[in-house]
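Let me begin by presenting the structure, written as structure tokens, before commenting on it.
Order as written gives the chain letters A, B, C, D, E and F; numbering starts at 1 within each chain.
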Amino acid sequence: MVTKLGAPMLSDVVDALCEEESYQAVYHMPEHDRPMPSLEALGELVERLRAVIFPGYFGDSEIRPETMRYHIGGSLDIAYRLLVEQISRGHCFFCSTDDRTCIDCEVEAKRVAGEFMSKLPQIRKLLATDVQAAYVGDPASKSPGETIFCYPSITTLTHHRIAHELYKLKVDLIPRIIGEMAHSKTGIDIHPGAQIGEHFFIDHGTGTVIGETCIIGRNVRLYQGVTLGAKSFPQDDSGTLIKGIARHPIVEDDVIVYSGATILGRVTIGQGSVIGGNVWITRSVEAGERLLQNKCSL
Amino acid sequence: MVTKLGAPMLSDVVDALCEEESYQAVYHMPEHDRPMPSLEALGELVERLRAVIFPGYFGDSEIRPETMRYHIGGSLDIAYRLLVEQISRGHCFFCSTDDRTCIDCEVEAKRVAGEFMSKLPQIRKLLATDVQAAYVGDPASKSPGETIFCYPSITTLTHHRIAHELYKLKVDLIPRIIGEMAHSKTGIDIHPGAQIGEHFFIDHGTGTVIGETCIIGRNVRLYQGVTLGAKSFPQDDSGTLIKGIARHPIVEDDVIVYSGATILGRVTIGQGSVIGGNVWITRSVEAGERLLQNKCSL
Amino acid sequence: MVTKLGAPMLSDVVDALCEEESYQAVYHMPEHDRPMPSLEALGELVERLRAVIFPGYFGDSEIRPETMRYHIGGSLDIAYRLLVEQISRGHCFFCSTDDRTCIDCEVEAKRVAGEFMSKLPQIRKLLATDVQAAYVGDPASKSPGETIFCYPSITTLTHHRIAHELYKLKVDLIPRIIGEMAHSKTGIDIHPGAQIGEHFFIDHGTGTVIGETCIIGRNVRLYQGVTLGAKSFPQDDSGTLIKGIARHPIVEDDVIVYSGATILGRVTIGQGSVIGGNVWITRSVEAGERLLQNKCSL
Amino acid sequence: MVTKLGAPMLSDVVDALCEEESYQAVYHMPEHDRPMPSLEALGELVERLRAVIFPGYFGDSEIRPETMRYHIGGSLDIAYRLLVEQISRGHCFFCSTDDRTCIDCEVEAKRVAGEFMSKLPQIRKLLATDVQAAYVGDPASKSPGETIFCYPSITTLTHHRIAHELYKLKVDLIPRIIGEMAHSKTGIDIHPGAQIGEHFFIDHGTGTVIGETCIIGRNVRLYQGVTLGAKSFPQDDSGTLIKGIARHPIVEDDVIVYSGATILGRVTIGQGSVIGGNVWITRSVEAGERLLQNKCSL
Amino acid sequence: MVTKLGAPMLSDVVDALCEEESYQAVYHMPEHDRPMPSLEALGELVERLRAVIFPGYFGDSEIRPETMRYHIGGSLDIAYRLLVEQISRGHCFFCSTDDRTCIDCEVEAKRVAGEFMSKLPQIRKLLATDVQAAYVGDPASKSPGETIFCYPSITTLTHHRIAHELYKLKVDLIPRIIGEMAHSKTGIDIHPGAQIGEHFFIDHGTGTVIGETCIIGRNVRLYQGVTLGAKSFPQDDSGTLIKGIARHPIVEDDVIVYSGATILGRVTIGQGSVIGGNVWITRSVEAGERLLQNKCSL
Amino acid sequence: MVTKLGAPMLSDVVDALCEEESYQAVYHMPEHDRPMPSLEALGELVERLRAVIFPGYFGDSEIRPETMRYHIGGSLDIAYRLLVEQISRGHCFFCSTDDRTCIDCEVEAKRVAGEFMSKLPQIRKLLATDVQAAYVGDPASKSPGETIFCYPSITTLTHHRIAHELYKLKVDLIPRIIGEMAHSKTGIDIHPGAQIGEHFFIDHGTGTVIGETCIIGRNVRLYQGVTLGAKSFPQDDSGTLIKGIARHPIVEDDVIVYSGATILGRVTIGQGSVIGGNVWITRSVEAGERLLQNKCSL
């Protein structure tokens, strides 16, 4: 008798879960036969781009200058197609038109993916400066290559610099997913909208948050637990949050922010300033200023 | 000669590791032929439940109202059986009786799994409010669906609201494992015992900790790095920690706690109050109070 | 026409990425036909060692005293070979000699892997004390076995105590990778160089950082978000960071450091002292001192 | 020097293989962005159909009458979509139009897949008779269920009866692939065009071949190494084989053909006749005739 | 509109397939919560036994005499448990009792699996003679090891000698499945009931069939397409085949049977006789006789 | 008590299996730390070569002329390295020297793999003629592409033409394994030594065997169950088979051999002759002769 007990109960639960009232707020009705973006495909996309950007470190580790064109060309061709498909899916997720063929949408996805591809040399160039920043900035690192291969800072920035280009191209949903993949892996949460200059380094990094409208200059160094966040959330007359306005800090060149510091609002942290650990700031800071822990500290 | 060097050494190490004195404190003697809970099975369980709760977002993304019963029914049937097996294993992990057949234990596991299943509509209802809270609370979010698909807050709460129902049903070990799976993925550590009301949102979330005996009201919002912890650990006469007593905060409705704040002990954070970032609190807070950063801050 | 648009663009991107100027700073030229260390193999290595250290909890959960030698012997033999290969790869990553045969290097890798293996009983012994510390130190834990199976503290310390032995044996790169694997999973970032005594426990742990030259005594307990870091980075005359000097705290026996505390520089936290949450310290602390939150706190 | 030898050679080979003259006869130019049929997807399709046809034997082996609708409904919905996609791919493989949108093609694929689905109860009914035939016809079989679970005859006929319905619906390429999957697994090569009546059994089966235009009645039994083939291949005036004409045997009800027998051409093997092993036949056989091994045999 | 067409149709098909009349002959009602035997587990079982029997060829190819006990012991312990579980499932497949606990059945499965294990040294001994026979009997083979590693004859006999021991122990279903696994891979169909002496070799082998009650002596060699089958199938009064009676040939020591020969019925092929290719025999053959192709041949 | 019964028995079996007397004839002692050839790696090798030979059919099915160099170049580079490794392992399997460094062996493996690669355009050219032969020779085929994608004849010949080139380069063991992989999949057993001319086709193919020293001309067609074998095996004075002498048929251009025919010994089947089904031949056949079934046939 025992094994059959479950069934009637199961049937009731299925009934309850299949009532429209129950599912309507949490159900995604597939439009245009296009499924949700695939985390697996996006994972492969990032891995292929990582292999293209850092040849010999990721992907085929026996790549040689003589064979580099083959491997990079093949990976890019596949990455391009993966990206076209995922851009279409991301677009479709928000799409409300009733155009069943989606042909314009595919043409657009191809155009956007192509533009993204043309940014890869620039993305690599920026990441090469980040590698240098990580090597120079961490006394425990033994070679730039070590930071490429196993530093969370480089992992996160590889995701971010890819996601940010897609964000600039107004790709839907995909940049955010790519950012969250790095967030899950490293504990560093950078919104794809954030603008980050060259030679950027985050040491350790767990818990660091960089908001959507941040602008970060060159040669900036952060530590773990740093928040570059919003101070308040303006609402419209109906009490709804106004989305998209500049609300996060501007951090100028050569700034260092130590662990646990919190900087909120559209303030400017002036060039060369140093922000101490655990400090809480909601005002702008002069260039060159050193805001260390307050006197109350022990 | 070289390749054989390893062997005698290996044999010595094996000898040392197989001495009872060496292994006794770290060895799990299998009882009743029942293996340890399976992380893989629990991962599948949560994925199936997630697909059932958010149809079209997870699992089969082409599910339609006409086919919903099939997919939800099939997933639940499998989830039910996975859960029965894992509940039995979790129970067996702590079990000390010598009843070899374990039949009562299987009957009980089926009863408990059945009760859990009947809670799923309610779990979905709560999560739907959490989705709404995430969408409303984050200016960077573009649609409720986006928060379902890629916000750590929803990932964590899906795990937690499942784990908490199992915790209430006194299931051993499994709730904790489900909680730790989310902790590893999102950096948010919610003990399955914590009671959390509807419309809950944790933005960014890395490093946030919510303790076992916390009680959190409706419409509460937390940020990253928030601790709702215990202040002290009463010991009994022998110096052993007393387990299970209420020791974590009560957070009433409509409270906001900013990043890095620490609230310790069985204190009450009154309705509608706001706790500023990096603040350290070990006392109760009045309803409506705004505890911002202390004056010493910069 | 549409599908063919991508190709010329692709070709240009490939050209740009294959110019030596573009790739030289981010390319790893394979030496001696030896590929990069394998994250997959290192993952298997750690899983096998975890199964050997905690028999019945990980790996084959039906291991019995009568069959323990088989399973432990077999796992160790495979782990030994995995380790020899990865040590060689890690060494080769930094190697600059032109000795094509690498035979000496393999002999050395075997010697080092053998020495590591002989440390396993001692590693287990230490971890058994960490298990005890987790059980005793967390009122929410129900048995020592539960902490072995699902506490981030034990996961992290298993990685660390393995990585630290490899670090002491001067193995290249591999210890750091093993440490970062735990960092990604638990949010706890312990440099493999850190010396940590027995009975160590980190509760929750997300965001906690322990630097390369830390020395931690027995019976120490940390919480989440704790930083044991460097205060400053001495540079040589050319402005380059001097690597390898002692720059992180010494934490003596029986110390507790609460969440969010930051301790920087080669200071000594004396025996039995207690460091409160969110506290910022750059000086030594007397034995038995209790540095709680400063008076400015709310 | 050694490791670099390969590269110039490789480049020459790539050049040679990328000359149009070299690849033109063996290259499939992708049309309409539609890839080749996927063997993996077709494998999953057949597995899902097998699970639907023989519930409890394949797929979820704990399916109960109360939950059967869920599992069968869910599997069919997924199978339907897999089939639509593969039918489209198969069609596209031969398609020569330049209609870029392929919308008509998708509509057609859905119609055909829907028709196929409606044949499944009939396919199951036929296979149930084959199961009975296998059980009755093999003295070594212990139950009908055993033949479902592990007899090559049932494996092959499951593939064939599916492939034959698709063949009748004029689906391109897919039926042949499904047939070859069974051929590879069992050594029995049945062309999807062959018409086979109920209660069919092939014992052992390796090497048995049944041609495209065969018509086989009810209650027929074959053994291994039997050929039901074509005798000659009429050519048109240009010497090209004429495709599609009836050229294989008609085997009436209740016939038995023993191992190694060869029957060629559009001959009729009359009802109830018995064809002996290794016999070679190119003429029709009367009903009830027993053609045993010729007198020359030993 | 198009995408929704499928659903009503699907619902009708599901209805039809879930009518008891439709499924009753092809449905396996799970008894005692015990699922069907697992092909995957049986595949692993055979791989583990193969690795144990031929150390260094299969499984871990770096096994050394010093570490052999570990690997063989570990593999056997796992194989033993896999076998216990699969024996129970196979038994349950045919079981009709209503004893819900199945405890006796598990005790029996353990006893049988234990007996099987004790036969392994003998199985290896026999297979070692088969290896020798393959090496000696095939002019194309270069070493005994090559036949172990890649000859279908050894693959098949490894399966058979395992399956035959299980058959002798009256294990249900499992021996047949193990036999069919080899049949699918090599095209050689040996019923697990067949008794085969030492030094047995089948060259090429595709299409060769050896029936359930065959008895084959020592030093016998077969080629491809050989049938050792039944001639007729005695029926009881009701017309049902009588199962289990001796109906296949006895082949004495030192016999050779060339390709395509068919030997049917309970005849005896005398010691040292040679049966020519494509020959059809239904009578006994004297010791030493040479039955070559009949005179009619070309 | 029950669960522990297994252990002492297990220990005895392990003891018996680890006695040198038991394992010596079936144990492969690893030499030079080089493991056995990997079936998985060889599977990948063949898949990559298949994708290179038939672009668009296998591997990436969206390959375009503009991207072909990338995909073919990348696949060949990886295939080359897989092949070098497997050639070395195959050589090592038979190697008896005591040169520990094996460097010469690696140099040689690279030379041989390089030579093989240079043969690929020629292999493709031959296979293109086989594709044509399959399309022309089978009335059921609808396009040459269909034969590439799913005909066993093309599968087998792809394996064989690769294996034969490796055989000519005197590579150990690997050619045989590649041949057996096709044998298992298609039931066609072609020894890698067989020389086969262009435009070769085997219809259905199961059970067909082609021996090591066969020489087959152009435009030859075989059917299933055909044997091109050896008639006798000359022995040396000690009774050992003499290995490597020419002992299989020569089949000249334009020959057809129907199903089940057996041709044995170093005979010549003259140009344009036709060999009927089930025929047994041990003598040469004149050019143009038609050897149909003998008169005794029915």
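Following the convention adopted for this analysis, a residue touches a chain if its C-beta (ideal position, glycine included) is under 8 Å from a C-beta of that chain, and two chains touch if they have at least 3 such contacts.
What you see is a predicted model, and the numbers here were worked out from it, not measured in a lab.
Colleague: Based on mean C-alpha positions, I'd like to know which chain lies farthest from subunit F.
Modeller: Using the mean of the C-alpha atoms as each chain's centre, the farthest one from subunit F is B.
Colleague: Could you report, rounded to a multiple of 5°, the rotation needed to superpose subunit E's C-alpha atoms on subunit F?
Modeller: 120
Colleague: What's the farthest chain from subunit C if centres are computed as the mean of the Cα atoms?
Modeller: Ranked by distance of C-alpha centres from subunit C, the top chain is D.
Colleague: Any idea how many Å lie between the Cα centroids of subunit D and subunit E?
Modeller: 25
Colleague: State, to the nearest whole Å, the distance from the C-alpha centre of subunit B to the C-alpha centre of subunit D.
Modeller: Roughly 50 Å separates the two chain centres.
Colleague: By the touch rule stated above, which residues of subunit D touch at least two different other chains?
Modeller: In subunit D, 2-3, 10-11, 14, 33, 62, 64, 67, 69-70, 72-73, 76-77, 100, 187, 206-207, 225, 260, 278, 294, 296 touch at least two other chains.
Colleague: Would you mind writing out the residues of subunit B in touch with subunit D in their complex?
Modeller: Those residues of subunit B that touch subunit D are 60, 62, 67, 69-78, 81.
Colleague: Give every residue of subunit C touching subunit B within the complex, in rising order.
Modeller: That would be residues 52-57, 61-65, 68-69, 72-73, 76-77, 80, 106-107, 110-111, 113-114, 117-118, 120-121, 124-125, 127-128, 131-132, 136-146, 148-152, 185-187, 204, 206-207, 223-225, 259-260, 276-278, 293-294, 296-298 of subunit C.
Colleague: Contact residues on subunit E for subunit B in the complex?
Modeller: Contact set of subunit E toward subunit B: 3-4, 7-8, 10-11, 14, 64, 66-67, 70, 100-101, 103.
Colleague: Please name which positions on subunit C make contact with subunit A in the complex.
Modeller: Counting only subunit C, the residues touching subunit A are 2-3, 5-6, 9-14, 16-18, 20, 22-23, 25-30, 33, 35-37, 93-94, 172-173, 176-177, 180, 183-184, 187, 189, 191, 193, 206-207, 209, 211-212, 225, 227, 229-230, 233, 240-245, 247, 260, 262, 264, 278-281, 291, 294-296.
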